[in-house]
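Below is a structure I'd like to ask you about.
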Amino acid sequence: MSDYFIEFAGQKYPTDVQGFLKNRLSWSADLGRHMASLDHVVLTDEHWEIIHYFREYYEDYNIPPPMRMVMRVFKKAFGEENANSRYLLQLFPEGATKAASKFGGLPKPKNCK
Amino acid sequence: MRFNLLITGGLYNSQAGYSALAFAKATIAAGHQISQVFFYQDGVTLGSRLSMPLDDEFEPVAAWAEFAAQNTLALVICVSAGERRGIMSDAQAAEFAKGLGSLHANFSVAGLGALHNASLESDRTVTFK
Amino acid sequence: MSTLFTIHSSWYDTTWLFEQLGFASEGDSIVLLQDGVLALRSPITLGSFLAKCSAHNIDVFALADDLNLRGITSQYEEVGLLSIAGFVDLVVRHDKQVAW
Amino acid sequence: MSARKLLYIVSRAPYSNAVGQEALDAALIGASFEQDVSLLFLHDGVFQLVINQGSDGSGLKEFTKAYRALEDFGIDKVFCHDLSLAARGLTNNDLMRDVTTLTGEQLKSLVASSARVFTF
């Protein structure tokens, strides 16, 4: 059992020390919103677009999507002019891969880069 | 010539640490340079400061640490391979709330990018498994 | 571009390398080291493998220190005994190494 | 500098060790350096690609799913050794993704033409 957890709606959700969920299947959108609020982030539609993409990609491949692919999705959803890494960094100041994984209930991405 | 060494064999399941050290010494003796020694897969266990062989046994970690100090050599442990196997610096251990780290002071931690940088910049990459 | 193949593990784990694959090309070299030197005492003769290597101009070596450590003497004249300094020279003489 | 040919060879089966996961990690980094990456499955390594892997998701992670996404990460040269497949009673139909099968002779030239070879 994990030493760390998030308490939400009367339930305890085990996490790692940095607040990433141990069991991605226990995730819900409400929990994701709560996790973001703990990091002082209010999730907008744009955030959700990215988070859902991360979740679907991870479900298919057990790995976070490469940034190139994230950009492609972003471009499609919000137009060429908004789809740049600067804009993505405004949405997710901690880095899109790390934050989208976290709020989407996915494990912490490897830092072997 | 610039050599980049990659060690993937573990502390006690392979002779890799011993062979690579002999090779590294011969490389320097022949007038070549070693750009970096990268430890990956089970090889990261060679960076454990907590390894304590019997007094009359070969001490791979201490031998590497001493050789690196004498030749100002970079000994680099792969961060993710190390974290999987419990070889991490004090800073990493603190980040994970695990108390003190297990990494020997003469080793450092970096990502697989460091292996690729060194490999692409060196004349030879030599792997010991 | 020539390649230096190094075989680090026992013959019993790497028979497939010797049997299945003609992995080396003309001008390449093969070095047996660590448990790789056990191949020199394998019950199955290395003769045909060595004859093939010789026909393709592929040199085969074994690291002398690792033979001595294990109390093994080579029964094959075709296998050159290599000091660690000689090993370094071989690495220099080939463009890259492939470790098995 | 033009991209160099980096070859990553996996010759061990998945799950009893971290070899496949760590070979994959290395190959993905090689590709992120915009090098010309090839991934070759050889000997027991061909078991990495067998279709329908995985338990109920509670135990060992099915990291091999990522092999179906290699192109997204810039790796589009994925090879299997033909005899390694045949020796294990496997054909391309048993694999989770498209691969190019190589004969021993083709494998030899792949190794010969690579600038760096990382074996796992």
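Order of writing sets the chain letters: A, B, C and D. Residues in each chain are counted from 1.
Everything below uses one rule, namely that contacts are C-beta pairs under 8 Å (C-beta built on N, C-alpha and C of every residue); 3 or more make two chains touch, one makes a residue touch a chain.
From a predicted model like this one, the values you see are computed outputs, not experimental measurements.
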Comparison of A-B and B-C by number of C-beta pairs in contact, larger one: B-C
Rounded Å distance between chain A and chain C, as computed from the means of their C-alpha atoms: 50
Where chain A and chain B are represented by their mean Cα positions, the distance between them in whole Å: 34
Whole-Å separation of chain centres (CA-atom averages), chain C against chain D: 25
Multi-partner residues of chain D (each touching 2 or more other chains): 25, 29, 32, 116, 119
Per-residue overlap in chain B, given as positions that touch at least 2 other chains: 80-81, 111-113, 125, 127, 129
Contacts with two or more other chains, residues of chain A listed in rising order: 110, 112-113
Category of the chain touch graph - line, ring, star, complete, other: other
Full enumeration of touching chain pairs: A-B, A-D, B-C, B-D, C-D
Residue numbers on chain C that touch chain D, as the complex places them: 1, 3, 16, 20-25, 95-100
Residues of chain A touching chain B in the complex: 3, 16-18, 110-113
Residue ranges of chain A touching chain D (in the complex, touch as defined): 25, 57, 60-63, 65-66, 68-69, 110, 112-113
Residues of chain B that touch chain A when the two form their complex: 78-81, 95-97, 111-113
Of chain D, residues touching chain A in the complex: 25, 29, 32, 57, 61-63, 65-66, 68-69, 72-74
